[in-house]
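Please read through the structure below; I'll follow up with questions.
Letters A, B, C, D and E mark the chains as written, and numbering starts fresh at 1 in each.
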């Protein structure tokens, strides 16, 4: 479960409710005119569906679930795994990784290591895995783009609803007693358009985009590691390369390990010359 | 037929109609003042026509049809075809593809394979096909750009219409009984501007853009395959390369095939060394 | 004459006029308060002139004329010319092109072929011609940018005018009979700002940009052809390369020619091996 | 302490206060309706938290502190240090830098020099340090992006609050005496939304972005220096390379040094030939 | 003096004044409520100062002066100088440029030629000068960005001022006689926000950006020339390369020179083969 999404949503809705009550109203008023809700949701989704390939529109629920779940990328664990594999590859050769590769749970990493074991050419490995990351990114873009488009359409349909409401109000100016109530109802559409866009559509789009960037970053780190292993690079350099993806603060435990290595300067110098 | 475009359009228009009826009006009111419709459509299209090369403006109907039809790119079929060709090319040489190339229905793919058979230099093949994809993209951009521009102009012409209406209202303040009706008529232009932009122009522009990206992606996949065949690459690697364009879920059947191949490790190792 | 620009402008202005008459007014009302027109044109142009290098501001009329005229790039004719030159260069050597180059009307193409005849190094030819295209693009950007800036400033000056008008209205609330008229006059500035931006400035900016892209695309096609000729490439490949710049539908006549070539497979195979 | 942030904030808030008093009100009025403040802060932050990975949301206070503190990059000092190291490396070899590297306080610079001393391959050093800079940039983007998103959401929640307020006002039109007061309260939400966005969120986002660019620029300068040292380049060239990162005015003292060098033309010529 | 900036500013301000008088008011009304002016200038500048590194904020006056002055880049003169140097370098060797380099007034060009004379490696010269241009561009961006940010903040502070004004108006609805005057005063803030942004901040930002692009373009032309001289290229090719930076119309005099050269085809052919 992605806690940030849920906390944000709950707090956001609670804020709206509290403010309505503080101002002497009640959250129920938001639902007084269902036509506003129908217009906003119906209008924004149908406009977005036109914009979108059918295939994407059909996988919409999948994208919503993705925004509420977290993929956990434990970068440090991945780095320690790749460094270990680099070490073994150097000592026992690339074929020795066959056993290890079967135990890797991450499909992407496993596929990469298996290609290395199979002796696939380094440039091909890079091309295949990079295509795979970039195409993943392109697919993710559809999901984030769907909600971004819906978030752009929703406030406009809110204004459409309010203008439609005002037009019918203006035709009935002879009944001034109901005037205020009718104008209020007209503005409800604007309110729903803004709320749907700013509490649902746009934040979900932002979350999907952030998740996609996080995953791509992690994949590129794995790709870097796989290529370094294939090139037979020094495990310490592999570690350095991968740690460069982390914030300085996150590498401390690793630096402790380096410090330990520093006690054996001879060994280090030998490795570094490789 | 592109179902998403049609479903979106029908649902969107139905939503507007339903909301108008729920609020005690009728869809007929939208057409009460034809001057609003004339202004929005006339204004937005004429401004866009100025923006656009004449050639593009004349092919406008073609672009509208494109937004309502789908080109079906069956990526899996293309991959299996290219893998088969790669296999034959490896066994019988590139010239053996001449027969196959005549049966290919996709003009782009056919042209590529024929150049390979004719012995055109690999870099030339890449340059010619890439130019062809990028120029296609540039042409598609005109169509999407036309509707995007129309979608940007339409709401502004809506505001122009409303301001023009309000100006004439303000000059006749001495007749307060007709005031509401006149202001309502003025706002109709804003409504039409927003509806044309958000239900017609912008979604169609988005669809044309999405279709273009889909086609370009498919073309680049074909290009990758053609070059791999020309380079005499291992059919399994060709398959891997092309499958990297698919979502992991779509490759399953293919992985089953790989699993089968895994039973013959000797053969695989031999291929992978190539 | 660029017909699209003129048709768009005439239809756009006619639409405004017709709508004004349909709503019971007359186009003359637009010119009732010249101060609105002075503010919009004076304000938007002076703000844009500050934004722009003096040299560009002085060539403004030239840019306006450019938006109303079309350069005709006949791509097919260029392709057939370049293919013919490629053929002659292959048979008689590059120096044989000297005569032909003198007859070429297009200055850019002529300069390129002359450098090839003079034996200028291929990389230099590419660098010089590419610089030339990119600098042309940069110059064109100034013109399109001028009108885009004016189009961004105009509506804001419209609002400035309306706010100024409303402020003076609000100070004379004691004369309610003239109130409507005064507010109407204030809104006229908004109307002029929107009309100038959406019927004049922005469409002209769009047209200049589209013309520039069209010219750059054509120049890059010529550059490709010149370099292919210098490299002594097979005329058929040169044709393929240049046709890749066209839409598939535009190449038909050329494909007929290819079909003719297909009757002489021996010759073709020989050429393709080059 | 980053003085610009603090000065800007204090002057900005003081301006608001002074203007309120000049117009016959008092700053206390801004806090008359706490529901407006709750809505803006609660709404904008919760929408932004949905948009953001949880990890980033939790480090929010860290980012706020960063906007109020300055990292001091003394570029000239760094240049003089790197030139000195280049000089020593040329005379005594790369291993002679081991002692110096231990004294360097900047962790990034130290890591780079240590890799050079350890004999890590030049391309690896570049790859590792560049990854490190780009990943730092990506992390910084999260912080700036958080406040940019909050700054985009805040005014919209202001409008949401005002619309909610107007809706309840319109329902109580029968009590005209309190009308003005209620509408004023409704507009307070818009005011808070605009103030939070324009005095807090957006400027802080801008500052974080500017700080990040400044740091990246400095890191790339250090990287350039490290690679030049490793390549054994002439200290004078190293100096030239790094001074190119400075504004011409900032290099004066250095040019004085060059002038001194100019008195020994023989030595300079010898160096420049290297 | 940059005449465009001054003409634009004077005409723009005069337009505002004339329009105010035509509408029966007077320019003095703009200054009737100093609180509006204080809010706009104080608010927009303090928000921008938070956004900006302190160093940039302090050099603000320098940037304002830059927008009002023109650097004169005489491209044709530079080209004729560089062609002359290329000629001498070819005949007498690179060292012969030492004398000439001392007479060059342009610091950037001088530095480049001096490095060439000193025998600095070609790639180093390119790297140093390119860094120098790009860093100049980055510094210029700060100045343009400062005014762009101020131009974005100013209208919002205008709305803030108007909302603040309206809130206090709404609290005093019991005094209807002063109502119009107070609302007018509230709108003055919007007017000032729009005027400051559209006549001062944004145009100055645009001018600084245009100046920077002009300078960068000129620098890249000089860089191209310096590298061509160092590579010992034919002066005629150097001329062609640099003329490609000019508009075709500006090269006429040069083409006349070429025509003269054409009378000596033998010599030209010999040069072109180099």
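Heads up, the rule we're going with is that contacts are C-beta pairs under 8 Å (C-beta built on N, C-alpha and C of every residue); 3 or more make two chains touch, one makes a residue touch a chain.
Model, not experiment: these values are computed from the prediction.
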Steps needed, at fewest, to go from subunit A to subunit D via touching chains: 1
Co-neighbours of subunit E and subunit B - touch as defined: C
Interface sides of subunit C and subunit E: same vs different residues, half threshold: different
Superposing rotation of subunit A relative to subunit B, computed on C-alpha atoms, to nearest 5°: 70
Whole-Å gap separating subunit B and subunit D, where each centre is the average of the chain's CA atoms: 40
Where subunit D and subunit E are represented by their mean Cα positions, the distance between them in whole Å: 24
Sequence positions of subunit D contacting 2 or more other chains: none
Chain-level touch network, classified as line, ring, star, complete or other: ring
Running round the ring (origin subunit A, first step to subunit D), the chains in order: A, D, E, C, B
Interfacial residue positions of subunit E with respect to subunit C in the complex: 2-5, 7-9, 11-12, 14-16, 18-20, 22-25, 29, 70, 179-181, 183-184, 187-188, 190-191, 194-195, 197-199, 202-204, 206-207, 210-211, 213-214, 217, 224, 233, 237, 240-241, 244-248, 268-269, 272-273
Sites on subunit E touched by subunit D in the complex: 34-35, 38-39, 42-43, 45-54, 57, 107, 115, 118-120, 124, 127-129, 131-132, 135-136, 138-139, 149, 153, 156-157, 159-161, 163-173, 185
